[in-house]
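Each of the two complexes below includes subunit A, the first together with subunit B, the second together with subunit C.
Let's turn to the complex of A and B:
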């Protein structure tokens, strides 16, 4: 594996170069919050950024996305025929994405790109994107990514991993896509690979040790699904939940959406919007029946999906990358770490 | 343990012991610094989890809507006013409630507090009006009064307005020079600047609805934003739809909002949605002399009329 050295003095210049071929997305500070957005010509990714409130999944899976369109004007030949909305899928790169958010994109990929079904919007956007990660030297107190199959220096889902070594970045080139980006940016200063890897490994160890929060997931797979479903703790967990969409909307791995049709004049669009299993409307049937009519059922769904159904279906870990966003932002402090540990250690009451 | 916490535990456990209530609703300590979680204690053992500090800003009246059981509830000033509103709007009956009042000296704005530190806050404690906050790098002793939530700074009803017993002595109410300075500032903007102000205010809204769901007033079984037949408002990120949601929600709170600030506290995007409701509070007060949630014998403002009501706006 090749490691490239990028002097921080050359960073902005490289970003400018790459903008000639790529649309860039990166974290910037707006008002008092960090958000991921498309960078304008005079904007640069904030390389010191703390967690963005909302995850960068929206770059590939926007909160609101027009997917089909038609014209209702009957004088036009193909009126009322829904057609895929044409979009720009030219090359883009996400700069400074954290390793756990890149891992989350891989989880979303399991849902949107399967052998059976391919979501064209996701697949096209995914194909067009290069992921330039930034290793996390100082994990936040909410970060528990080292116990969710990723971590502050994890490489899964990334094309390049940048490591901030104060005066310079070391760039671990992980894929051809990553190499191509570095070439365009003009970052090509080779370095003593062995030494660089050693430095990176030391920093990695340090960062992993700085993560203070862990979850236990080792028993989840063997637990009986119905035992967990019927566990006595759900009412207690759900009591304080206000059924907002905060936890799902800020989550990098939640993938649910709703379909809406909207018309203005003769132009009609089919749109998909993020949805959340915490909302009663999510499962409301046209008949009026709601199979998840009670709050507890909805709270249980969120955790069962993330920590059990997903695990059972894909055998690929849990559907949480430990970013800690929901832990930090849930207004009533429902903490997935606590719920996960409860589920992981749950023994059904054998008396009845 | 602070005295207030001790008293709350004691009063709640007495209520449960004497079978006066089926549950007591209060706060328990959270899993991260400055977080608390509403909880219901059904037995004496569980009352040991109750705590009280300046992070208990979420409004507990939100957790009693339509409850059939007999409920004990811990209520600071604003919660008590929403309890009054709930009673007058028939969301709960007075005789189902045992209210443990908590005179309040204001709640903490944790975003403001965090903005004082370069790294995450790892520990928070308080001692009267002093707060001691630690991050990985530094420890600071701060005055609570410098970090109050903005609604607490202008609060005129720190003492509960209705209660069966108190967990502490009543406190002095604040004297506020200009209660509506913030609203006046927005009122004084030109129409265009006002538009830009609200545009910018709502720019980051993700329509998670934490604001409305944290609000005790937003108890409709199906909110207009969720209706699909007819559909009042689009559900996506269209700017007009986002504004429609916020404007309409604010109007639904007219004459009812107690300025508890739970909406703002719940918002993950740090949006001050009180900019809308505050204007309605000001109008209710200035035009009709009305403050929400003070008296269970009075009908809600928009439920009544008087021949003396100002009608100069009808032209």
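Let's turn to the complex of A and C:
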């Protein structure tokens, strides 16, 4: 594996260079929060940023996205015939994505790119994107990513991993896509690989040790789904939930969406919007019947999906990367770490 | 890359009122493009499609026509909310879309050589009609043993596909047990009583070669299960088609799940054995 050295003095210049071939997305501060957005010519990614409020999944899977369009004017050809909305899928790079958010993109990819169906909007955007990660030297108190199959220096889903070594970045080149980006940016200063890897590994250990909270997931796989579903703790967990949906909207691994038609004049769009299983409308039948009509059922669905159904379906870990956003932002302090540990240690009552 | 969200354009070719209260209509659609028809016509009885009305929305509806009927597709739709009400007001000649076929189907390969008992209630008879037409087709009839059908509605006028039902009654290669909850019609020649009761009285006892396909409102399903158990059917021999609120129909939007199964893609057809392994959130 090759490591490139980037002097921080050259950083902005490289970013400018890369903008000639790539649309760049990166974290910037807006009001009190960091968000990922498309960088204008004079904008640079904030490399000191803490967590972004919502995850960069929105770059590939926007909160609201036009997918089909048609014209309802009966006097024109092709009226009422729905066609794919044309979009720009030219090369783009996400700069300074955190390793756990990159891992989350891999999880979303399992949902949108399947053997039977491919979601073209996701797949095209995914193909066009280069992921330039930034290792997390100082994990936040909410970060528990080292126990969710990722971690502050994890490489899965990344094309380049940048490591901030105060005066310079070390750039671990992970894929050809990553190399191509560095070439365009003009970052090509080779370094003593062995020494660089040693430095990186030491920093990695330090960062991992700085993560204080862990979850235990090792028993989840062998637990019986219905035992967990019927466990006595769900009412307690759900008691204070106000079904605001914050947890799903900020989550980098939540993929559920709604589809709606919107019409202006004769131009009609089919639009998809992020949705949340915390909303009673999510499952409401036209007849009024609602299979998840009670709050407890919806809270249970969220955790069962992330920590059991997903695990059983893909046999590829849990559907949580440990970013801690939902823990930090839930207005009533519902904490997936506690729920996970309860589920992981649940033994069904054997008396009945 | 094929875009699974784009519906095939179709034109409404015919609309028939299906029940006396006019709450159900049967729509016949013809594809605008022959190659779309060819792709769609590979459907199997039990699958559904998304009926797509530009500007209004999409709804999952079971395919009521049968793969052996060529040149068109049919759906019978109950008027209840936004999209279904709009559809009920549309006219012959209007253009809309159909996306599919979607979901799995009744296990026709496994059912070869078996006796089949079809149990339906209310307007959930659409894919069962498709199945009956498929099995009765001269090319297919010999592949199945006895066919029994228990189908019930509130009143005679609420039964779907009445002309076909009465025609099937006269045949000797299918045993019909039509029933209504009640009727003032003194000429009514068939059963009176709820579906589960008629199942218990008239459906064949289970043997290893007999399978039941059940489709109906939740309350009917709930009471039909014990009736079938009494007749000796085990969980593997009871096949059901489920309904959940849907959007994408292709397993991506995440809303129709029961446990790890997505009703739109892993279903809508499940055996009772499979259903008993998942949370019953339908």
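The rule is short, and it goes like this: the second predicted complex is superposed on the first by the 352 of 352 C-alpha atoms of A that agree within 3 Å, B and C clash if a C-alpha of one lies under 4 Å from a C-alpha of the other, contacts with A are read in each partner's own complex, and residues count from 1 in each chain.
The rule we apply is simple: contacts are C-beta pairs under 8 Å (C-beta built on N, C-alpha and C of every residue); 3 or more make two chains touch, one makes a residue touch a chain.
Just so we're clear, the structure is a prediction, and the values are computed from it rather than from any experiment.
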{"item": "Partner chain in contact with A:242 - subunit B first, subunit C second, else both or neither", "value": "first"}
{"item": "More subunit A residues in contact [subunit B versus subunit C]", "value": "C"}
{"item": "Subunit B versus subunit C as contact partner of A:250, first or second or both or neither", "value": "first"}
{"item": "Which superposed partner A:35 touches (first subunit B, second subunit C, both, neither)", "value": "first"}
{"item": "Touched partner set for A:64, first subunit B, second subunit C, both or neither", "value": "first"}
{"item": "Contacts of A:265 with subunit B and subunit C, given as first, second, both or neither", "value": "neither"}
{"item": "Partner chain(s) touched by A:327 [first = subunit B, second = subunit C, both, neither]", "value": "first"}
{"item": "Touched partner set for A:111, first subunit B, second subunit C, both or neither", "value": "second"}
{"item": "Contacts of A:335 with subunit B and subunit C, given as first, second, both or neither", "value": "first"}
{"item": "Contact residues of subunit A, present in both the subunit B and the subunit C interface", "value": "258, 260"}
{"item": "Subunit B partner contacts - residues on subunit A that touch it in the complex", "value": "30-33, 35, 53-54, 62-64, 138, 140-142, 236, 239-240, 242-246, 249-250, 258, 260, 262, 271, 273, 276, 279-281, 327-329, 331-335, 337-338"}
{"item": "Interfacial residue positions of subunit A with respect to subunit C in the complex", "value": "67-68, 70, 72, 79-84, 111-112, 114, 116-120, 123-124, 225-226, 229, 255-261, 263, 268, 270, 272, 275, 277, 282-287, 289, 291-292, 297, 301, 304-305, 308-310, 312-313"}
{"item": "Interface residues, subunit B side, partner subunit A - complex", "value": "30-32, 35-40, 58, 62-63, 111, 115, 119-120, 122, 136, 203-204, 206-210, 213-214, 222, 226, 234-238, 265-266, 268-270"}
{"item": "Touch list for subunit C against partner subunit A, complex", "value": "1-7, 9, 32, 52-58, 80-81, 84, 94-97, 218, 243-245, 247-248, 250-255, 257-260, 265, 277-279, 281-282"}
